[in-house]
Amino acid sequence: MSHDDQNESGMPSALRRKLLMGLAAAPALAVSGIARAQQFPTAKVNTTHLAVTDTEVTVGQLHSATGTMAISETGSIQAERLAIEQINAAGGILGRKIKVIQEDGASDWPTFAEKSKKLLENDHVAAVFGCWTSASRKAVLPIFERDNGLLYYPTFYEGLEQSHNVFYTGQEATQQILWGLNWANQTKKAKSFFLIGSDYIWPRTSNKIARKHIEQHLSGCKVVGEEYYPLGTTNFNSLINKIKIAKPDCIYAIIVGGSNVAFYKQLKAAGITADKQFLLTISVTEDEVLGIGGENFAGFYSAMKYFESLENDNNKKFVAAFKAKYGPKSVIGDVTQAAYLGPWLWKAAVEKAGSFDVDKVVAASPGIELKSAPEGYVKIHANHHLWSRTRIGQAQADGQFKVVAESPDLIEPNPFPKGYQ
Amino acid sequence: MSNTDFVLAVEELSVSFDGFKAIDSLNLYVDRGELRVVIGPNGAGKTTLLDLICGKTRATQGSIKFRNEEMTQLPEFRRVRKGIGRKFQTPSIYENLSVFQNLEVSFPRGRGVFGALAFRRTDDVMDRVRSVAGEIGLAGQFDLEAGLLSHGQKQWLEIGMLLMQEPELLMLDEPIAGMSVREREITAELLKRICQNRSMIVIEHDMAFVEQIAHKVTVMHQGKILAEGAMEQVQNDPRVIDVYLGH
Amino acid sequence: MSASDILNITLMQGFAGLSLFSVLLLMGLGLAVIFGQMGVINMAHGEFMTIGAYTIYMFSQLADNYWHGFAPVYFPLAICAAFALAFAAGWVAEWALIRHLYRRPLDTLLATWGLSLGMQQVFRSVFGPKEVSPTLPDWLMGSWSPKPGLDIPINGLFVMSLAVLMTGGVLLALYRSRWGLRVRATVANRQMANAAGIDTRKTDRLTFAIGCGMAGVAGAAFTAIGSTGPTSGSLYIVDSFLVVTFGGAASLLGTVASAFGIAQMQSISEFFMTGSSARVVTLLTIVIVLMLRPQGLFASKVRRA
Amino acid sequence: MDPLNPSAGVPASPDRAAARAGLRPAPWRWLTTDGYGSLAVLAALILVVFPLALDVFRLNLMGKYLTYAFVAVGLVMAWGYGGVLSLGQGVFFGLGGYCMAMFLKLEASDPVSTKIQSTPGIPDFMDWNQLTALPFWWKPFHSLPFALAAVVVVPCALAFVVGFAMFKRRVGGVYFAIITQAVALILSVLIIGQQGYTGGVNGITDLRTLLGWDIRGDGAKLILYFVNAVLLLVAILCCRQIQRSKLGTLLLAMRDKEDRVRFSGYDVAMFKVFAFCVAAVLAAIGGAMFTLQVGFMSPSFVGIVPSIEMVIYAAVGGRMSLVGAVYGAVLVNLGKTWFSESFPNLWLFLMAALFIGVVMAFPNGLAGLYDSHVKPWLARRGARSAS
């Protein structure tokens, strides 16, 4: 392993210094790596013509580096890079270094489809870490299923999906929504809810689930409004007035992209601030706050499984490494962390399966635990989603979240929630 | 409205642009086979009159009867199909097409979209193109790109394009502007020949030329008709003299 | 719901309409000058707005990091800077690109579209792909509440007054200044203007640059109500064009009127149906009107030469 | 204007080439940008060379590019010849694609394979949006003939309505461009908003079979590629016939002296409408072929951005050259793919440079370069061999 690799690698600085001082450590690692490689001959670990050599395994990374979605997907790109470098620094997988082919989906679903084809049929990558929007995932899904590829998808999403070829490292809707609503109802005594969202599948499906839950499972609660605005809308004054009429206990917001910023700025300007109004969202992470501006979002609540401010050792290491690599100003949102899990979950599964073959990896995955996850502890469910906790964070003026509540135990993923469809 | 046997009967015609009356309740009658010349100082409304007749401009009020048929509501291309041809002041031909194509395109068949698709270069087309080309003295230059013709030839070509359509009424706006003396004579001859079996309205300033060709002269001034009649009679009309010399 | 509530809502909804009106007007003005007066389609209009937005960001960074007393007052300064920067960029663009393409409007359209792509990538390389948020002075982000239940957004008021100022400015400039005279002369008849000793090339460049500068101001103002990112400009471009064409490219008053019309249509329909359907209704109305009155609401009727 | 140097207007030289060609075939005629020779070269390229040179993946990619070529060819007719620039071709591409996709989706969502849904037998996205029955206007799309007819008729009808309303009122150029843009915007907002009926942002995905024939297999891809290629060549031939006809000459004439044409008794508006409709239909066919080869359709084609990108294909190829348009579409997309693979952060600059460069330096695109450089050389060769 070369010198720069170590500098590149986002290992906690203490550990890195140690390695830098005694380069002896590096060869040692490498040697053990080769040893393991011989222990797992390529012929055995790769029976399906994947891009696996005695020293290397190639994976793909497919996100939007350009276009409107780059705003959101950059964090995921960085986190996956970090994870892969750390894995390599620790000797790789089955003694093989991970080589990454990065493709740009350019915020354009057809391009995502094209690039995923390229990664699977041309480069024969062993796994792909990528996609962010549901639309891009829907576009690549048939390709992954046909070519029997392996996709690790980081974003919290609407659910209603479960594929042999995809692992969902973010939360599906019910995990993110239900517990949060219960909390709003019990702790915040919210009885009337106003649901708003950008006009596409994730917000609509999520609000559908929320509405069902509010009306059927929360006694005496009702939905006093449900509104959708086209993606990219920059004027919300009318909506805000509707909210003022409805006077809900809780605004439940699922707005994304540039609209997000406009909405919260105008909300504040209209006098709807955290001290007067309780607002719970599932679409604002530390990344979005960058754009909205901490002072404009302070006091509102976000329901996520991860916040940068989480107090645990895994997270401290992770945050330190991330900032060491991407600068002290960089922030880490829920999806970024979920993206970071991808490579590690894959590593664990491959090593359990003792093979890179997709079917074996998939078969080995259910039940795999990740005790080192920044968000704490996660476990892969048979339905390819993760058991995870849900937290409520209250936004601070500095753009960070203060965790005010946390689900007592892991929430089971339930992508096809009965009674919610 | 009077029922007339005139080819063209313009009655009480007016048009105003943002209040300014370019043509003011004007009456004009043109006989079959007549070659009428319209003269008058600049801004008298001569060109506007032609614009109104061919439909380039819409009349504010009044009627334009062509062969006893009201034209004011018809779009340009319909009026053309009825038999009104109009030549513009500056030679308006298809610079990028060959002389032949310029004439062929003007042949009055296949004028609808699908007609144009189905149009074939049949003998009658060729004959017509040849005869017209001969008429305007461009028989030798079929393949020449029209843009390369001399100014005079361009004028003739445009006249030729109109002849292809065999219009009942042919309107020419200053056909000899910028022509050499020789070219003017040829043009005069040409006009005399082609007005045999059709009526014509010609706008012209060059009095010598007007004298050569005009059957009847109409003098316009400030959107109205000032005088009308034979050349010498008009020339001696004090009001006309006043208009031309007075200022 | 009490009568006073209804009154408040009506007032605030009316205000919503007005503030959308001023937003659209700010978007449209710069374009109205460029497109309306010069007939040039500037597809990069949105990106010139983004220049303004990032200018605000840079100033706010200065304020945050170096000079804290600066924070409350930097905004007006930054807006002037935004105008200056966008103006400069516009000047360069005209010199490098536009001037070669007069008489070829459709090609200008393509070229400026290319320009906008390039500018987006520049923003991305300089400021990073993520959105940024300038820390705005507190006096701008609050709301003015004359009586309980009635909150008037101050940033709305700000945008509104800015819109009024700029419209007034443009009208004055066009109809009272040498530049305006030159512009109108050039629009009316280029050759004549040349003959009359007007340097039309310089006039064009100035006009284009001024239009871009105004876009910059608009973009700067929108940091108070919208997002700032490499692709923020694309959120505005279409609306800007609709405003200008709907109003009738030739007349500034048309732009004002159409901005008002569209804004009211939008905000009223938004109030009575969901946002998406409101959007569609508005757009459809615009297109249908444009089909019936292709030259826009305020087309000046002249003899077709 | 100096008669020796007619109209410095952009596409002059190809016009003249075409015009002269109409009468006197030059010795090198067979290889002009619109001669049969160049068409033969193109045919050889896409029917023989590509299939032999490219693996199935790349070939399928090429097939996708060739679907864009339909749009580009259409734009040559509407923009190059008709003189009307539409910034809404994505609308027609999308409509064509959606008509095809609706049929395929219905076939893909038979009750068996959708049994996990709360309402089996309807497309999955409808189920997610609590639709419990197929909307009436989806029902006819159970029939392939209807779907195919719709692919052509729906876009053509829309183009006719828009075109007729505009051109009859003498709206052209910029205004037309902007209005077509607005139409594109409306349609994409509609599609995204009405996701219960359209699939929303995701579009209509996961299309599998055409009358039971799996369109995802390599064999199918190969066949579809050839179908697409042949259709494209046929389309080009048809357009060439239109250009050669009197209508083509008239379109050229209109771009030069519209009034003259009008006062020769032609209804100019209808000719423009026709050109626009042709462009629309071609775009729609491209869209349908796209759906078949890529396996899904999404609103991201309908919007403004893709529509403008489609214009650049024609511009690069040469707005007057049908064959050139194909090369334009293919090259731009190749460049896009290659650049975004090699330098993800540079390809926007490339696109920018392409737009600006083509407009400023090569207004007639590749075809223009060919006409101004290669052809004269061929001419000299031809002349020498003749003597």
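Letters are used for the chains, namely A, B, C and D, taken in the order the chains are written, and counting of residues starts over at 1 for each.
Convention: a residue touches a chain if its C-beta (ideal position, glycine included) is under 8 Å from a C-beta of that chain, and two chains touch if they have at least 3 such contacts.
Please read these numbers as outputs of a predicted model, since none were measured by experiment.
If each chain is reduced to the average of its C-alpha atoms, the one that sits nearest the average of all protein C-alpha atoms is D. Chain centres computed from CA atoms place B at the largest separation from chain D.
Counting C-beta pairs in contact, the chain pair with the highest total is A-C.
One inter-chain figure worth recording: chain A and chain B are separated by 76 Å, centre to centre, where each centre is the mean of the chain's CA atoms. Remark: chain B and chain D have CA centroids separated by 43 Å (rounded to whole angstrom). Averaged C-alpha coordinates give centres for chain A and chain C that are 37 Å from one another.
We define each chain's centre as the mean of its Cα atoms; on that basis chain A and chain D are separated by 38 Å.
Multi-chain contact residues of chain B (touching two or more other chains): 56. The set of chain A residues touching two or more other chains comprises 65-66, 199, 228, 230.
Multi-chain contact residues, meaning those touching two or more other chains, occur in chain D at positions 189, 192-193, 345, 348. Chain C contributes residues 1, 5, 8-9, 12-13, 15-16, 19-20, 23, 121, 124, 128-136, 141-143, 145, 149, 151, 153-156, 222, 224-232, 234-236, 266-267, 270-271, 274-276, 278-279 to its touches with chain A in the complex. Only residues 65-66, 102-104, 106, 108-111, 113-114, 117-118, 121-122, 133-135, 138-139, 141-143, 146, 158, 160, 199-201, 204-205, 208, 228, 230-231, 416, 421 of chain A touch chain D when the two sit together in their complex. Contact residues of chain A toward chain C in the complex are 65-68, 70-71, 74, 199, 227-230, 232-235, 237-242, 244-245, 257-262, 265-266, 268-271, 287-288, 290-293, 295-296. Interface residues of chain D, counted against chain A in their complex, comprise 55-58, 60-61, 64, 116, 118, 125, 127-130, 189, 192-193, 195, 200-203, 205-208, 216, 294-296, 298, 300-301, 337, 340-341, 344-345, 347-348.
Partner chain D is touched in their complex by these residues of chain B: 54, 56, 75-77, 80-81, 85-86, 88, 92-98, 100-101, 104-106, 108, 110-113, 116-119, 142-143, 145, 147-151, 154, 158, 161, 165.
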